[in-house]
Amino acid sequence: MDFELSPKAKELQQKLRNFMDEYVYPAEDVYTEQMAKAGDPHFHPPILEDLKAQAKTLGLWNLFLPHKTEWTEGLSNLDYAPLAEITGMSHLAPEALNCSAPDTGNMEILTMFGTDEQKERWLRPLLMGEIRSCFSMTEPAVASSDASNIECSISRDGDYYVINGRKWWSSGAGSPLCKVAIVMGKTDPDASPYLQQSMILVPLDTPGVKILRDLKVFGYSSREGHGEIEYDNVRVPASNLLGTQGSGFAIAQSRLGPGRIHHCMRSIGAAEKALELMCKRVTKRVAFNKTLAEQGVVQTWIADSRIEIDQARLLTFYAAWLMDTVGNKGARTEIAAIKVVAPNVALRVIDRAIQAFGGAGVSEDTPLAQMYAGQRTLRLADGPDEVHRMTIARREIRKYLD
Amino acid sequence: MDFELSPKAKELQQKLRNFMDEYVYPAEDVYTEQMAKAGDPHFHPPILEDLKAQAKTLGLWNLFLPHKTEWTEGLSNLDYAPLAEITGMSHLAPEALNCSAPDTGNMEILTMFGTDEQKERWLRPLLMGEIRSCFSMTEPAVASSDASNIECSISRDGDYYVINGRKWWSSGAGSPLCKVAIVMGKTDPDASPYLQQSMILVPLDTPGVKILRDLKVFGYSSREGHGEIEYDNVRVPASNLLGTQGSGFAIAQSRLGPGRIHHCMRSIGAAEKALELMCKRVTKRVAFNKTLAEQGVVQTWIADSRIEIDQARLLTFYAAWLMDTVGNKGARTEIAAIKVVAPNVALRVIDRAIQAFGGAGVSEDTPLAQMYAGQRTLRLADGPDEVHRMTIARREIRKYLD
Amino acid sequence: MDFELSPKAKELQQKLRNFMDEYVYPAEDVYTEQMAKAGDPHFHPPILEDLKAQAKTLGLWNLFLPHKTEWTEGLSNLDYAPLAEITGMSHLAPEALNCSAPDTGNMEILTMFGTDEQKERWLRPLLMGEIRSCFSMTEPAVASSDASNIECSISRDGDYYVINGRKWWSSGAGSPLCKVAIVMGKTDPDASPYLQQSMILVPLDTPGVKILRDLKVFGYSSREGHGEIEYDNVRVPASNLLGTQGSGFAIAQSRLGPGRIHHCMRSIGAAEKALELMCKRVTKRVAFNKTLAEQGVVQTWIADSRIEIDQARLLTFYAAWLMDTVGNKGARTEIAAIKVVAPNVALRVIDRAIQAFGGAGVSEDTPLAQMYAGQRTLRLADGPDEVHRMTIARREIRKYLD
Amino acid sequence: MDFELSPKAKELQQKLRNFMDEYVYPAEDVYTEQMAKAGDPHFHPPILEDLKAQAKTLGLWNLFLPHKTEWTEGLSNLDYAPLAEITGMSHLAPEALNCSAPDTGNMEILTMFGTDEQKERWLRPLLMGEIRSCFSMTEPAVASSDASNIECSISRDGDYYVINGRKWWSSGAGSPLCKVAIVMGKTDPDASPYLQQSMILVPLDTPGVKILRDLKVFGYSSREGHGEIEYDNVRVPASNLLGTQGSGFAIAQSRLGPGRIHHCMRSIGAAEKALELMCKRVTKRVAFNKTLAEQGVVQTWIADSRIEIDQARLLTFYAAWLMDTVGNKGARTEIAAIKVVAPNVALRVIDRAIQAFGGAGVSEDTPLAQMYAGQRTLRLADGPDEVHRMTIARREIRKYLD
């Protein structure tokens, strides 16, 4: 056993830290200014393109993709994990590195299951950072934590598929760069449960695609948007199907593993950021003749945060290592585990930081409240905690069934 | 011991429930529409005046005030508590009944410590619902959880006091009806700690009063606003001083008790609302072939919510009863206790409800996320949890010191 | 609403406190000595008879029984509750007052369902404190949390019933004074689930009754014993049946309410005792140049303990009041709630006290570890927490089902 | 980064698992029988010597010692950690492998700081498993969590030191094989705090050494005993001093690191054992028409247990790796962290298992209650949780102090 990062990971980590310090953190104020001036919550500010160009030049681009392709070298999940953590410390970093959800997952399944034509049309520009994409799976009308509930229909009609359904939390749909949705729906409603669904590529300008509204999270609008989309008799060529008909559930499963590592490491990065903010704050505020840093209760918050973060990180590294060595399937318990652990740890740490900051913590004077809102959604997105716990428990119990 | 509400409380409770059903809940959509049309987050919508007029007619007006005055009959804290709970179920109810913070606390200290002139000028129109007020105590530069940290200066200058300082979380300052601030600051910086401060009435149109900005909470702007206010050489007549010079700390203390009952009962009302929404939801969503209501984990959420809410309510009733029978001082442990308990219970219940709702829970499709944000501030406002725990512990330990 | 105890309860409370101070607490050392000298863990020490005699003289006898009988005046659940709390502070108190489980529950169902003959033979000597009894319901072979699992058979055979089954946690069976068991079993295995069972009185000297062993709790043997009992073709007259055949489940239900008040109030008494011990300890130990009492973390323990205890007590009082006013059935949610709350609160408070005491806390130098063990069993006895939460949740959800 | 165990660790792990299955687990019943027959709680049963002989033969002996000595090869902390976990699954394993506390820590400091004479007289027979030892640091009269409180005096008197003081929790002192105590006390009470104390070797048969009693833990006596020992004018040669005069605190610090890895890994082993017992139980008990394994709440217990155990194990491995690579000092945060995490995780898992077992869980029918008692002491031994959190917090905050 060896907890040292690989030389490659260490080199990239250092390079990324420098990039954050020199470019990303200073860009945050520029971003705020450009967004304010634009007055459009979905404006794509030039500073982002500057950051993307710089990241490309530095070789900090598409690091998320474990696969070697025509356009990418591939980086193992374990080598990417510590980089993803760092990107969790600024809301600008993931897009700057072309490593932001849901594009990452979409690019990965295009890499794995896309036809050459699909790759050329969608994967290449995504990897280049020219366009963005969204992922339409969750539906407002049903408990989507149970994927078999999905009602959207994708019906074959000659050389076309016709899509009808309503989706929401199609994150990314609000960006002006978003050009395509990957939609999950039922092609074979009478097949056995895990073979009923397929995924299909839907250009957003196809007639019948209506972005109904953009969902807020707590009181926050996101630039990229969380779209509620109606697919009303949307007709796309049959060649837009991703993989084979009926493989939607399987593709969804294989999409999940790496994405969870990314999300979890970013959550851990957010937690580290909150802990750093808290530590800096408490050394400077005095109450009852002592700095907050000297108060036992505050010390408990800090110690528990350190303990919880370090455990969550190690577990995520371990899950990444398992994925690299035995594959996503062999890491299923651990992937489910980090999906429960990381956002919950981040929420606890951020909440303590809010408490340490007082009123500033819930306001726009710190990033904490918005970070809290973001992490809170992660206890729901990609399956609520409860479903992941069920997965873990069943696998544990199975060991002892005769 | 008798847990039956008094006949008066029961009658008012029934009347208030009817008012909520007939007027308040239906007004929520009207409100949203009027606010949207106005396009100004601080607009005072006509529907509120309609509700106020109706509440006055029905005798549901100024119920919060325990004191008999020229304009009010007075209602005990214990009789008001169950009414405050009901007002926690709609964001429109407190103002509709002229029972909303910070006016309630301000009206109470004006009743107790105001001169006849102060009462005529400010208390009367507040009680009539003609104007609103704000309370300027917390400061951005210091840990205001320790009131001795406050830095705002109130200096005597002939027949005037001159106020210099920066305050924030002056809630209510954003309303166009807000006409006066009660400001706390140091008149006697060299006196013993609890005699350094005074409170003074400052008309908001006094030169030197600058509302710098309006603070958001978790992305949400509030209609009434949380103001950051600079008081820059603000000069008001010496007769604007509330009570005697140096009595600021004592007035702040006596302001706290009833206000905490109100806040806590509204938190409990919010928790009941969240529990109701959760229960209704889970009977209708199906996952893994069972309604959520049939799942053991969801049942645990509901049971724990019921248990925690009922305990918090009883403790708040008990604190109110103690205040009515032995006074605020004799109820100090209990008032501190409910201040810790009620918002934390509400947060837990709301968080469970969010989880039960999935994506809808964090979005604007339910009131849950905004309720969460509101309750979260209450773990900080009027002293963070930690200060109240310290109060309770010291009083407990004191029993055993020789 | 009025939180004042009734004059009767206050008078008894004062009398009982005096009795504890003058007789019970001083008797604890005598007890330890008499038990040590006897060398028999089930010895019945003379000091207990002294205490019983004194309690009888003082009118502190059989206070638990809400019913007026030939031998008792009856005391409401609400008036008894604060007395039960006090008895939770010494392990000698409940038996000294003839208010200890399982006799209390047994006496109550004999009062309600016993024939005159059964009352004369068993209830009278139990009320006199001449004999003790046990209750045989739980079985080692099945999950007894679901009462329908019970397998013990009670078969009619002419004028007799024949009992076959194995029971455990028949508490009280180890006492030399224990003369009778109330046994629950199936008389009508083919009836509908709630009508299959009956309760029957079995003198412990009946042939076929074998006390197999005495269960320990953690490392502690109890004087009264937790018996595992085999009933092997035990034959008793048909007149020993309690109530009607098939009424076992109903009798069990009506046995539960008051007993839960008793248990919960004693748990609260234990928690108060632990809090008192902790407060006394922390003012006297110094670490890192401060008494433990001055350390923020310890203050949090004390404050949370005070808050949790007070809430649990109020909820239990409320449940008792409901039982007195609307009956056990109307108080079902609240009875289930306190059954979850009280032992869990006691465990948390005791655990904090153990931590404050360090090594002394887990050893025999404080009563804390044994108190912990006792309270831990209460999360299992009379139904585990999980079953009570299920009860509460179902009743809550039912409000919203159409 | 690589989570694979080293080939050496894997080989030993397999060998140890075989030894547990073939020898240790089957020996548990023999042990119980031999102890019962002996009737002496401190009897040293022959089965233990059988196991020790077998372990020696198999090369499973003294694996805990990281140092290469005349008698041992040395094994890294990281290679030993997974073995220590396995020994946590049976109370017989640590002694069978000569890897049980407090001998391990004592052997380590003798290895590091002992003179050749001390090594020959005490270390050799300890390593051979011929004798055992105890460690006398904690005192009943003071809060020993703050080591500067220690009052025992060790005074130089010519060629002797004279020891006066009272110690408790001198674990191991009850064993008939225990021949020596390492005692910590003040040689230089006027020196600066960290230089006041020394450690000294005291043969247990020295006049003035009185084992006053054996402390129980939650009702359980341990075979090896937790001794309260009076050192009354105990005179030993000056050559018995361990290291230099005044180095007691430093030796105590260097004793802690490896011991904490051992304790924590055994706690994790205990937690795994409890999880295994729980999983096996819940597949076999039925309540409300489902096995417990199918109930959502039970699944949550199992999932959370798996998640918490895996995180605790990874953190302990990481701490061990740090100790091996950068030394105990560089691993101080992590060593403090696992000291908090591991016993708390074990307690939570065991408590859930107890709940799943019902009455059997608190009784002697499962090892759970005794495991709980053992783990509970570990939140106090070697410093309570609170002290370790303080250490972690201070180191975290220090990063941000200018």
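The first chain written gets the first letter, and so on, giving A, B, C and D; residue counts start at 1 in each chain.
What we mean here is this: a residue touches a chain if its C-beta (ideal position, glycine included) is under 8 Å from a C-beta of that chain, and two chains touch if they have at least 3 such contacts.
Here the structure is a predicted model, which is why all the values come from computation and not from measurement.
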**Complete:** More contacting C-beta pairs: B-D or A-B? The answer is A-B
**Asked** Taking mean CA positions as centres, which chain lies farthest from chain D?
**Response** B
**Request:** Give, as an integer number of Å, the spacing between the C-alpha centres of chain C and chain B.
**Result:** 43
**Distance from chain D to chain B - Cα centre to Cα centre, in angstrom** = 53
**Complete:** So, in whole Å, the Cα centroid of chain A is separated from that of chain B by 38
**Request:** Could you list which residues of chain D touch at least two other chains?
**Result:** 295-298, 300, 386
**Request:** Mind listing the chain D positions that touch chain B in their complex?
**Result:** 295-298, 300
**Request:** Within their complex, state which residues of chain C touch chain D.
**Result:** 138, 140, 142-146, 149, 168-169, 215-220, 226, 285-288, 292, 295, 297, 354-355, 358-365, 369-370, 372-373, 376-377, 379-381, 384-386
**Message:** Which residues of chain A touch chain D once you look at their complex with the stated criterion?
**Reply:** 1-6, 9, 78, 275-276, 279-280, 282-283, 293, 296, 298-300, 302-304, 306-307, 310-312, 314-315, 317-318, 321-322, 333-334, 337, 340-341, 386, 388-394, 396-397, 399-401
